[in-house]
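Chain naming follows the written order as A, B, C and D, and within any one chain the residues start at number 1.
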Amino acid sequence: MTTRIGVVTFPGSLDDQDALRAVKLAGGEPVSLWHRDKDLHQVDAVVLPGGFSYGDYLRCGAIARFSPVMSTIIEQAKAGMPVLGICNGFQVLCESHLLPGALTRNDHLHFICRDQRLRVENNNTAWTTDYAAGQEITVPLKNGEGGYVADERTLDELEAEGRVVFRYLDVNPNGSRRDIAGITNAAGNVVGLMPHPEHAVEALTGPTTDGLGFFTSAIKKLVNA
Amino acid sequence: MTDDKRHLDTTEHAAKTPDTEQPWSELGLKEDEYDRIREILGRRPTGAELAMYSVMWSEHCSYKSSKVHLKQFGEKAPESDAMLVGIGENAGVVDVGQGYAVTFKVESHNHPSYIEPYQGAATGIGGIVRDILAMGARPVAVMDPLRFGAADHPDTRRVLPGVVAGIGGYGNCLGLPNIGGEVVFDPCYQGNPLVNALCVGVMKHEDIHLAKASGVGNKVILYGARTGGDGIGGVSVLASETFDAEGPAKRPAVQVGDPFQEKLLIECTLEIFREKLVAGIQDLGGAGLSCATSELASAGSGGMRVELDTVPLRDNTLSPEEILMSESQERMCAVVEPDKVDRFLEICEKWDVIATVIGEVTDGDRLEIYWHGEQIVDVPPRSVAHDGPVYQRPYARPEWQDALQADDANKLPRPATPEELREQVLRLVASPNQASKAWITDQYDRYVLGNTVLAMPEDGGVIRIDDDTNLGVAVATDGNGRYAKLDPYTGAQLALAESYRNVAATGAEPLAVTDCLNFGSPEDPAAMWQFAEATRGLADACQQLGTPVTGGNVSLYNQTGDLAIHPTPVVGVLGVIDDVTRRTPMAFAEEGQLLYLLGDTREELGGSAWSQVIHDHLGGLPPKVDLERERLLAEILVSASRDGMVDAAHDLSDGGLVQAVTESCLRGGKGARLVVPDGIDPFVFLFSESQGRAVVSVPRSEEVRFNDMCGARGLPATRIGVVDGDSIEVQGQFSLPLAELREAHEATLPALFA
Amino acid sequence: MARVVVDVMLKPEILDPQGQAVQRALPRLGFEGIADVRQGKRFELEVEGPVDDAVLARVNELAETFLANTVIEDFTVRVEETATA
Amino acid sequence: MARVVVDVMLKPEILDPQGQAVQRALPRLGFEGIADVRQGKRFELEVEGPVDDAVLARVNELAETFLANTVIEDFTVRVEETATA
């Protein structure tokens, strides 16, 4: 039985096709989900892709959060379904309060696209078991509002509970607090990060293939579940 | 309502009031043009008709000064099986094999970007993307050839960051990878920055769509954004008039782009194409509805009737004239068979796109527009869209041209010692024009869609278009205003040669051309001469290289007062690569590989980067063009890629060999040891800008085979060194650590603009 | 038709890079004596019908759940007395 | 220390995609009766010393040349009476 991984398309989603391709390359069955459709079509996991849902107007992810599909995803995520939010998807997860904190304008005020080195701090989440703890990976990063912020108490809590999943290395590209690139919820099934693993799945088009592990992790976990 | 009607200038009213004064001159029409409109209509035009004619007969829309020269692109077009749709449509279409067709085009948004850099540049991207979409293609990449004033001028600090943010803001939000472009600084662009934008789209042959309204009874559907008061008269005012310091401060309404709306428009339109719901389609760009309705009707078989009051408005106070002229962005116009209208509207609803039936195709031959039931336009559409005025503008070689060419750059003082040579290399690679453009290009998403195989700073952008077969295309754009100033005929050919070479350097076979011709005022005989020469040069060169011009754009009046920009033909070349996995990158990455210089190096410093950076000099003749050599070089580069004989290739252009080697070394993080070949002066070796050259990195195992191939085909190939170490060392001259070069090359733009 | 204005500002403890960029640019433009700059958003809502307490309560809720992200932002709601220029 | 507020809004004839996006989302959130939404910027400047006419004139100039892009935006300058929450 293949693992069905859904990728949501909101109006303004951009990296949905890339995420579907990544799922396929990782050996899963990619399933397109539509923002107006509450039905998740029996997927085992969901990816909220990058892009500019609703033009990123108001705040990134603020409008997408209220879409019909999100009401089901929020419910399912709370019940333990693996959910990965990439870039805009991370912003949607924060706006939905599935993950704490928020993403703000990059401190240098520019959109930035670069190959970013990261450290995998937690390899126990649904999306990171195929990495070694402390492994360093390089995947593209591209955002204008990727500065991760949360109050000190929340940050301390995240650190203490090992919920910082990825940290920026070399350069902090957006002013994120404590170099945080990605986090997880307490249960470890919901993960959000700003960099784009789905753009690092083929040597031909990505800087590395380091991103494939996200998708193979989820697939293995679900197959073994 | 009655009040409204009393003031409405209907066709009936116009016929009865022949002597009413009309503001034709304020709308940019000349007296004889106004007279011609009266003649065409057999009466005075209504206000709405006058608005339409004025905007459609502007330089920007009618090409009235350039048409007689542009003809050559068709007349001299080389035989090419690849051309599926040629000049005259929204964009040309090229066959790239396996049933795929590619469409690409470059356009200017120069004047709007000077007034409001962010929105001007953003809507430039939006406009060219809609052109590509209108052909039936999915847009897959954009590029942005840019020209600014002096890098350290305070106004450049206003214009450049705004333009770059606008291109990024719009293109990133559309999800189109930016795969290349140009950034050039020169004081001649101070009051006239050039913002050109190129888009590439892909479709299957059977998906090609054309802009024509046929089939009596078919419905005309306007869809996308609501119509507002944006850029009313923008086309004629912004694009056709020189900025005059003396004149009244014109602050024309600028258009504001909504990339999110455009993204929806793209997805919605592609879904509509998939279901084969449109008979004809046209994007709304300059001149808005005036342009779309008249062009669709003109190209079709029948007439068209439009109920203008059905157009969804953002601002209910707009007059019918304003609605016709509005340049509100993110709108398209489609012609749809009646039984397909419901499905069309359904798909629009799915994508939250507003769509309205505004009219239908009639069996007459007139374009008729109604406002609350009364006729306000009744014109032969061809007279608006295609049979505008045509001018034979006088042109003459400027009297200063001889003196400029006599001021020979080859006679400039040269570095006398190795230390001086070293110092000039550092200054060259750090100069704004030669420095790394990463500060700019890092603001563009190059990864989205997951098909980017090569992107800036590579010679050309390469996009995969089929996941299974690995078919791909390469695109490059180039232009050198300095060369063109010295000799516009040669300059235009050099622009083509460079772009062609860049495409070949990636391993792709050059196929077709698009161009954006940026020049000064056509009313100035000198600027007009430059235009005529450049056009002739480009047409001749395209013929010789076998790469037809498929479409493009002309931007005139790029001047402030009497001061015109350098003549700046920007040329985009599209190439095809049957297997993108064999693309050739530019990075020298493997220690021990051999460096070969392909082509001949002569003493050619006219218009060179060296003459600008070291001597602030522009004079002499540009480098010689040899198109047969360019073709041979391209063949070698493509063969070498196909047979795996080279691991890296980088074409030589402005800055010469030392610039190219620096870029390839920095990209690969490896140094190089160079030996100056016998019989050539080290300075000329490093800085000359002789054309038809490239540097390649050859694995030792391939050296014999590669040499044999070049020898057999008669291309000079000189071994000039080896990839090695962490500095660039020119034997007997100097050594420059990569770290020092990197600092010089990469710090310049951030220091100026961050 | 009445106008209700919602102002949304980043909480004081959250870094405001846009405001800071403005502030840093001031000396270059020859402006001294400005100790701090914060940049936020202003929403103008044109409300149909009279703006009574019930309407204001609903706009408050709208601001709280949608216009502002209260994790990082504060907001104020008020009825606009004077028209903007 | 006094606070001067500069409100910057797109001119009425200029498209406001952000405001429109917010407005379009309202019905989905169950908010009816809002005819139009415009989104602009709010700058809070903390001025050292008293805010007299000279200071206001200078802030006006700052707004005109820097905070607003008067090609597409209008602005208002005022001294804030009440503190924001």
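Basically, a residue touches a chain if its C-beta (ideal position, glycine included) is under 8 Å from a C-beta of that chain, and two chains touch if they have at least 3 such contacts.
In UniProt terms, the chains line up like this: A = Phosphoribosylformylglycinamidine synthase subunit PurQ; B = Phosphoribosylformylglycinamidine synthase subunit PurL; C, D = Phosphoribosylformylglycinamidine synthase subunit PurS.
Remember, predicted model here, so these are calculated numbers, not experimental data.
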{"item": "Selected pair, greater C-beta contact count between A-C and A-B", "value": "A-B"}
{"item": "Chain centre separation (subunit A, subunit B; CA means) in Å", "value": "36"}
{"item": "Whole-Å gap between the CA centroids of subunit A and subunit C", "value": "30"}
{"item": "Centre-of-Cα separation between subunit D and subunit C, whole angstrom", "value": "8"}
{"item": "Inter-centroid spacing, subunit C versus subunit B (mean Cα positions, whole Å)", "value": "41"}
{"item": "Per-residue overlap in subunit D, given as positions that touch at least 2 other chains", "value": "17, 21-22, 25, 29, 39"}
{"item": "Multi-chain contact sites of subunit B, meaning residues that touch two or more partners", "value": "258, 260-261, 352"}
{"item": "Residues of subunit A touching at least two other chains", "value": "54-55, 57-58, 66, 108"}
{"item": "Topology of the chain contact graph, where touching chains are joined (line, ring, star, complete, other)", "value": "other"}
{"item": "Subunit D residues within the subunit B interface of the complex", "value": "10, 12-17, 20-21, 24, 69, 71-72"}
{"item": "Interface residues, subunit B side, partner subunit D - complex", "value": "115-116, 119, 225, 228-230, 251, 253-256, 258, 260-261, 314-315, 328-329, 352"}
{"item": "Contacting residues of subunit D [partner subunit A, same complex]", "value": "17-18, 21-22, 25, 28-29, 39"}
{"item": "Contact footprint of subunit D on subunit C as seen in their complex", "value": "1, 7-9, 19, 22, 25-26, 29, 31, 33-49, 55, 58, 62, 65-67, 74-76, 84-85"}
{"item": "Subunit A - residues contacting subunit D, complex", "value": "54-55, 57-58, 63, 66"}
